[in-house]
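Submitted below is the structure of interest, expressed as structure tokens.
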Amino acid sequence: MEKVFVRDLVADQQIDTPFLISAMEVRQKRNGEDFLALVLSDRTGEIRAVLWDGVAEATHEVSTGDYALVSGKVTLFQDRLQVTAYRLHRLEPNDVDEADFVPATTGDVRKMWQELLDAVARIQEPLLRRLLEEILGDERIAERFRRCPAAKRHHHVFRGGLLEHTLSLVRLCEIVAEHYPSLNRDLLVAGAVLHDFGKLEELRFDLEFDYSDEGQLVGHIVMAASYLDRQMREMGFDDQLRIRVLHMVVSHHGEEQFGSPRKPMTPEAVALHYLDMLDSRMEMVRAALERDEDREGSFTSWVYSLERHIFKGSAE
Amino acid sequence: MEKVFVRDLVADQQIDTPFLISAMEVRQKRNGEDFLALVLSDRTGEIRAVLWDGVAEATHEVSTGDYALVSGKVTLFQDRLQVTAYRLHRLEPNDVDEADFVPATTGDVRKMWQELLDAVARIQEPLLRRLLEEILGDERIAERFRRCPAAKRHHHVFRGGLLEHTLSLVRLCEIVAEHYPSLNRDLLVAGAVLHDFGKLEELRFDLEFDYSDEGQLVGHIVMAASYLDRQMREMGFDDQLRIRVLHMVVSHHGEEQFGSPRKPMTPEAVALHYLDMLDSRMEMVRAALERDEDREGSFTSWVYSLERHIFKGSAE
Amino acid sequence: MEKVFVRDLVADQQIDTPFLISAMEVRQKRNGEDFLALVLSDRTGEIRAVLWDGVAEATHEVSTGDYALVSGKVTLFQDRLQVTAYRLHRLEPNDVDEADFVPATTGDVRKMWQELLDAVARIQEPLLRRLLEEILGDERIAERFRRCPAAKRHHHVFRGGLLEHTLSLVRLCEIVAEHYPSLNRDLLVAGAVLHDFGKLEELRFDLEFDYSDEGQLVGHIVMAASYLDRQMREMGFDDQLRIRVLHMVVSHHGEEQFGSPRKPMTPEAVALHYLDMLDSRMEMVRAALERDEDREGSFTSWVYSLERHIFKGSAE
Amino acid sequence: MEKVFVRDLVADQQIDTPFLISAMEVRQKRNGEDFLALVLSDRTGEIRAVLWDGVAEATHEVSTGDYALVSGKVTLFQDRLQVTAYRLHRLEPNDVDEADFVPATTGDVRKMWQELLDAVARIQEPLLRRLLEEILGDERIAERFRRCPAAKRHHHVFRGGLLEHTLSLVRLCEIVAEHYPSLNRDLLVAGAVLHDFGKLEELRFDLEFDYSDEGQLVGHIVMAASYLDRQMREMGFDDQLRIRVLHMVVSHHGEEQFGSPRKPMTPEAVALHYLDMLDSRMEMVRAALERDEDREGSFTSWVYSLERHIFKGSAE
Amino acid sequence: MEKVFVRDLVADQQIDTPFLISAMEVRQKRNGEDFLALVLSDRTGEIRAVLWDGVAEATHEVSTGDYALVSGKVTLFQDRLQVTAYRLHRLEPNDVDEADFVPATTGDVRKMWQELLDAVARIQEPLLRRLLEEILGDERIAERFRRCPAAKRHHHVFRGGLLEHTLSLVRLCEIVAEHYPSLNRDLLVAGAVLHDFGKLEELRFDLEFDYSDEGQLVGHIVMAASYLDRQMREMGFDDQLRIRVLHMVVSHHGEEQFGSPRKPMTPEAVALHYLDMLDSRMEMVRAALERDEDREGSFTSWVYSLERHIFKGSAE
Amino acid sequence: MEKVFVRDLVADQQIDTPFLISAMEVRQKRNGEDFLALVLSDRTGEIRAVLWDGVAEATHEVSTGDYALVSGKVTLFQDRLQVTAYRLHRLEPNDVDEADFVPATTGDVRKMWQELLDAVARIQEPLLRRLLEEILGDERIAERFRRCPAAKRHHHVFRGGLLEHTLSLVRLCEIVAEHYPSLNRDLLVAGAVLHDFGKLEELRFDLEFDYSDEGQLVGHIVMAASYLDRQMREMGFDDQLRIRVLHMVVSHHGEEQFGSPRKPMTPEAVALHYLDMLDSRMEMVRAALERDEDREGSFTSWVYSLERHIFKGSAE
């Protein structure tokens, strides 16, 4: 059961390979009979499909969100490829390599996670270090942290994206703390580890990336602040330290209009904000250039999250 | 020891009455000797004062923030009244009627508080009612709630202002819930009681109104959300109800640029936002008209919080 | 001649029912012969149609904007339903129930109108009451007022929408005037009745809702102000009262950027603005929830007029 | 009774010359006796004054807003000049040359007025020309038009400023209509004559320039539109012409945020808006350069209405 | 080889006429064989085309950006016209009349160019005149100036558009300099000639209009300023004159947010900005009316560059 | 001739020390005689002074902008210190230590300059390195670079501020280029060295910091771009490299509204922008904390350039 990717399909190809069923709907042919209209996907893209016969069995076998072994043929319909399926056979998550179905970091998750733990271990302030160790040591949190994307859209939108972005930011904070000796290194690094931590519950990322209801109605900044406030009070943080940590989380978007109820007002919060901007924008630029690699022209297509084109180099 | 108010002082008047010492500084006369420059205040305003002799005794007796019985005379200096003090005698808070020194609601605090409790008692949803009863039943909270202003500036800037504004909003919510039957009355009323609750810790209001450090760095919205989140989780709220309550608090400023990380997305949050706007603006208008009562002209002077003048009526 | 609604059509259905012809165009088949491409509509939606034969007769019989009895069959073309018409027979407005063709309030127009008149009768100020009575007593105005939508899009976009919104606002004003005794109840209620009155001429709403030329170039605020200014001068209003009424109309959008040349500067104008916001937004929320009733997910689709999703409740 | 101007006063000078009393207040000397504190003004500026004796007689003789013959001496107090008055003698408006007291156009009002009438006479469209002739022929309007400033602040803030600005704009419109032959010359010129016409009632300009109550609450755009709408309906304008004229008035500020409920949507309204911007800004620049003539440096001081400095030329 | 225009094609028409090949892609038929999908264009529009046979020869013969003689037939596919091509024959630029393929000014380029030179000759200031004469006398520049559009989109988007706009602006400047005698006529006219001069290198306009890489990354304002700075330094301009010229170019967009690093701060720069706005907007209005001539309704469709509809006149 | 600083003056002190004369004006005493009103300054602040006798000699001896040896006494006038001068004696720049009179970097200028040259020497790309070497090797430029502040206000507003900021940014760029290997290290470092280079001519910084006329009218971005464009063309840069360097300079303010005609569109320009923001904001924070060191309270006073208060730490 070899995996064939959406990106590699060509007209007239016979296929027998697993896909994720992203959408599925019973419709009627002109003669009134039912047929099944589907959207099949994997980490390389998605494609429309139809199944003309055996609709009842198929709807009994699979539902939206399932994996399925799809037998069929690739056809060209109105200038676009689609799959004419003969048969759908449900697969369990264990039957497939999930990494084939959701975009994921190209980094080594295990190694990145260890590097994050190492950075935490370098924190001198005992309470801060213990706070981070307890959070990252909670296996439920750790498991989610290693899979969570950094956003629903915009930047690091892939499995492990939050970890990749967090680790990159932690390293930037370490070197920048050396550059500006007046910065409290421990605070800054802790802020980097925690700044987007609320996204673990703000986002849903089992198969498709979306907001949870609480994520939509309350937001990751308030969710993280509430969780951290509770933890720090229980661990006996003094008010000074507790407030400085909360402030970094609350202010890291930089301005009210971007969802931060307060602007950064401590040196560490100011540094964290600009380094977070730097790291997320550098990734947006990198992803835009990668996406556009094979496209002609000196500029990428419009990058919505950056509101500009990115220069790829002149062919002139 | 009769109280004479700043507003009523006239030139050449002999005084022997309590004031709050808002500022105090030792300076040097032209001959090099020390004298004391002070600012005295009560709820009607403030006035400069000097004490030429006995500076050492005076600085030993009183400090900034104390009440003092001031003996002296009102004089005219460079077209402005000031007090030439002969003697300062420290007073304890118990010696004075604190209401003479900070602006306060003209409402009957005891009665307003009872009305707020009555409104809470009308809530049908047991968990919501219990949450509010526990909060308002906490004597430390209740004591602060009855004294707290609704803001540092802008509206209801006086002792008991938060209570006055909250009660007014609760009543509006009750009648508007009747007008739109699809609104969940209990939720809306609870939102009204809780929406500015974080100001109890955001503001300092013992003598002068200012932000606490946590208020400045974290803000009343996140502070209230964090506290309520903790309470509701402990009381076993289901996620739906918990999130809807948090959402009302988080979104009540209406837009990100005004400090709400989320826009109102439930019917109750939408209604709460506009009624909060209505009540706070109506009070700004009322206060502007009151402040300007004796001033000539058809319009008040510029009202910063509303960015406009208010029409008082034509004399034409 | 039973009415079958667009919303209820299914593939292969034979129809013989009236529609409004929203668009109609002669095109050419591949063999060069003419055919007729149409859009048919009623208050539940619209559908494409084709008529292959008898094009000349059909174009002679009906035009865009006419009602027609359509005989034909519902077919599925490129995954969408369309009507293959055999015959079009023109109908006069009297032949159909117009309520089938334009969306309309679900309220009882006659009763709402009476309630509006009752509210006017409760106004004490004789000149104000007479002004409103004369306006609402003008049969041409009354007839339009009972049919006009409250807007071309955004909120209350249906027959009688202006009446429904106006009446709701009038009631809110009555109860809020009781809540804030300093408000001039008569002025506020009059403002509510008149605030969107200019829309009677700003909008066209015979079949489709659109702006009139004057509505587009001058706008309902200036049109209403001009009309009311003329009436009040003729009726002998003193300047004070005349200006206060004009000011409520002119300022009710709240800010210059939303089309009000002046911000609200009287207590009544401030209250009217926020209550108008409340009532129009509550209706947008209600309509969004209704539209999205059958759609999966915890949130409605994007609501353009509110720039957000509305929470429907968790299925989690 | 020769006029001596504020601008020309020097220390120790004896004066006996008329001023406008801009402010006047009874205060108390240190010994408790009354004295009178005043602000005297003319078109060149204002100066403080005191009157130590004869306060009762003086307050009986004159009030704020009166002209007075002031006898006294110029003194230096705390580094600033002030007038120590011996006697105030009330003057009637007829006793003074009002032009000495309010800033006024340097143009020849009579000649400018005639040129405006000439421009109107060049309009071909009979109804438009008659509308303008009737308006400018109304002696009450004409008298105000010749005195009214073009604004309370910002540009052409002097007697006759509205006439000067209107005439300049009319001429620009005439030459630009020649440049773009597709423009309707008559409409454009009529728009120029009428665009700020509402300022005649929006502003008060007898002695000091300020808004009238109606000006503040309704605004010159709505006031002019209402007046013109009434006139044009009475004169039998067809809807097309009436709407196009109203549209130019309504839209001439260019955007909603600058107080125009509609953006310019006809060629004439677009041209009128940019030419009005050009003429008002050119006058702001001219006035800023004139005001700053004697000040050192290559740039004027900050010009609030333009939000910039203006370059005067390098001394380098 | 008569030119038939896209705008005039009808179903079933046989064609044998030149087009520009705007896009060209090899795709696969359902049976796996190659076919060619093309977009053909000329100055009146573009149309899709397919070539079923002889794909190898065709791709050998022509590429995107070439002119080709297209033999084929116009067909109707899915309600839209397309061309079924039989044969493509490559043409050299000399074989066609390029004016058939790119939209161009309707003015007489030779005459407009002469008028621009005449305006330059009327400049008195010798250095300024020489600067302009040298620039316009450079044949490479002159050749581009006569062909360049004034923008990639928005206004004067056609061959010779820059010349047409520049000349119109120069004339406006001449008459406005007469209207405001304090304006330095020579400076203002020079600013008009040079203001958009950087577009010669900012834009590419051989066949399709687009930005050059330098245009996109540096922008016409900086490109022109850099070029002019170099020229003026070499020609020995004094700093005053050099800076005033640079300032007009740098500030002519009026505000930072529109790409001008400085606001206009000299009388000439202020005038140039508003006249540039006037001329570009008048052309947008003209073009919108022309484009919409045959469309029903009183208003044009939405004009993106103006963010509004334009009024065409009532049919009412 | 020991230097006594403004910051250290106390009442009744006799002085005989150099100051810079920041302002100087002849005024008249009440008796009509002349006296001299002055403002004296050094790098620690400024103080008012008067000279009652010998005015003619003094005005002959010194002018605004000169250094002077001031003999006199410190007095208290209206609660503020001022200097009563007996004699002013002009000093040449060589007579004083200029560092006493303008605020200056606390860094070692010679060492910082060498470090900047070292960083340039680490650039691999030969043309880029040569460009920077030639610029920094030009002694006139080097001399200004070592003295120039980084801005007229906002950040690094002191002698050598531009060097200090540039060097800090260069180091940040070096370490960040290591962090993101896809960045072109040479380009990024060159961008850092050059980004504010135009300020050498934009600012005047001999005694007081101000804009030059060209700085005000053209701006440092265009001035630097023009200069660099000329140099790179002469040195034979290819277009690619030339444009990428210009783009970094042109876009480093990040957005049009902040004076950059283009947004950053290359990875290096994006990184440079955020690192420039980081370094300038970190310095604003540092300076705000330093300025406010001795002031009571947990927060600094309002920091205009950051639009916020900065948290100093709780005293609670």
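As written, the chain order gives the labels A, B, C, D, E and F, with residue 1 at the start of each chain.
Criterion: a residue touches a chain if its C-beta (ideal position, glycine included) is under 8 Å from a C-beta of that chain, and two chains touch if they have at least 3 such contacts.
Quantities reported herein were computed from a predicted structural model and do not represent experimental measurements.
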By label order, what chains touch chain B and chain D together?
C, F
Over the chains that touch one another, what is the least number of steps taking chain C to chain F?
2
When A-E and D-F are ranked by contacting C-beta pairs, first place goes to A-E
From the listed C-E, E-F or D-E, the one duplicating B-D with over half its contact pairs the same is C-E
Chain B to chain C: how many Å between their CA centres?
44
Geometric centre distance via CA averages, chain D-chain A, whole Å:
62
Could you list the positions in chain C whose residues touch two or more of the other chains?
213, 216-217, 239, 243-244, 247, 265-266, 299, 309, 311, 314, 316
Touching pairs of chains, which are they?
A-B, A-C, A-E, A-F, B-C, B-D, B-F, C-D, C-E, D-E, D-F, E-F
Can you name the residues of chain F that touch chain E in the complex?
213-214, 216-219, 221-222, 225-226, 229-230, 239, 243-244, 246-247, 250-251, 256-262, 265-266
Contacts from chain D onto chain B in the complex sit at residues 27-30, 32, 37, 213, 216-217
Chain C touches which residues of chain E in the complex?
11-12, 75-76, 79, 298-299, 309, 311, 314, 316
Touching residues on chain E, where the partner in the complex is chain D
168, 171-172, 175-176, 179-180, 182, 239-240, 243-244, 247, 263-267, 270-271, 274-275, 277-278, 281-282, 285-286, 289, 299, 306-311, 313-314, 316
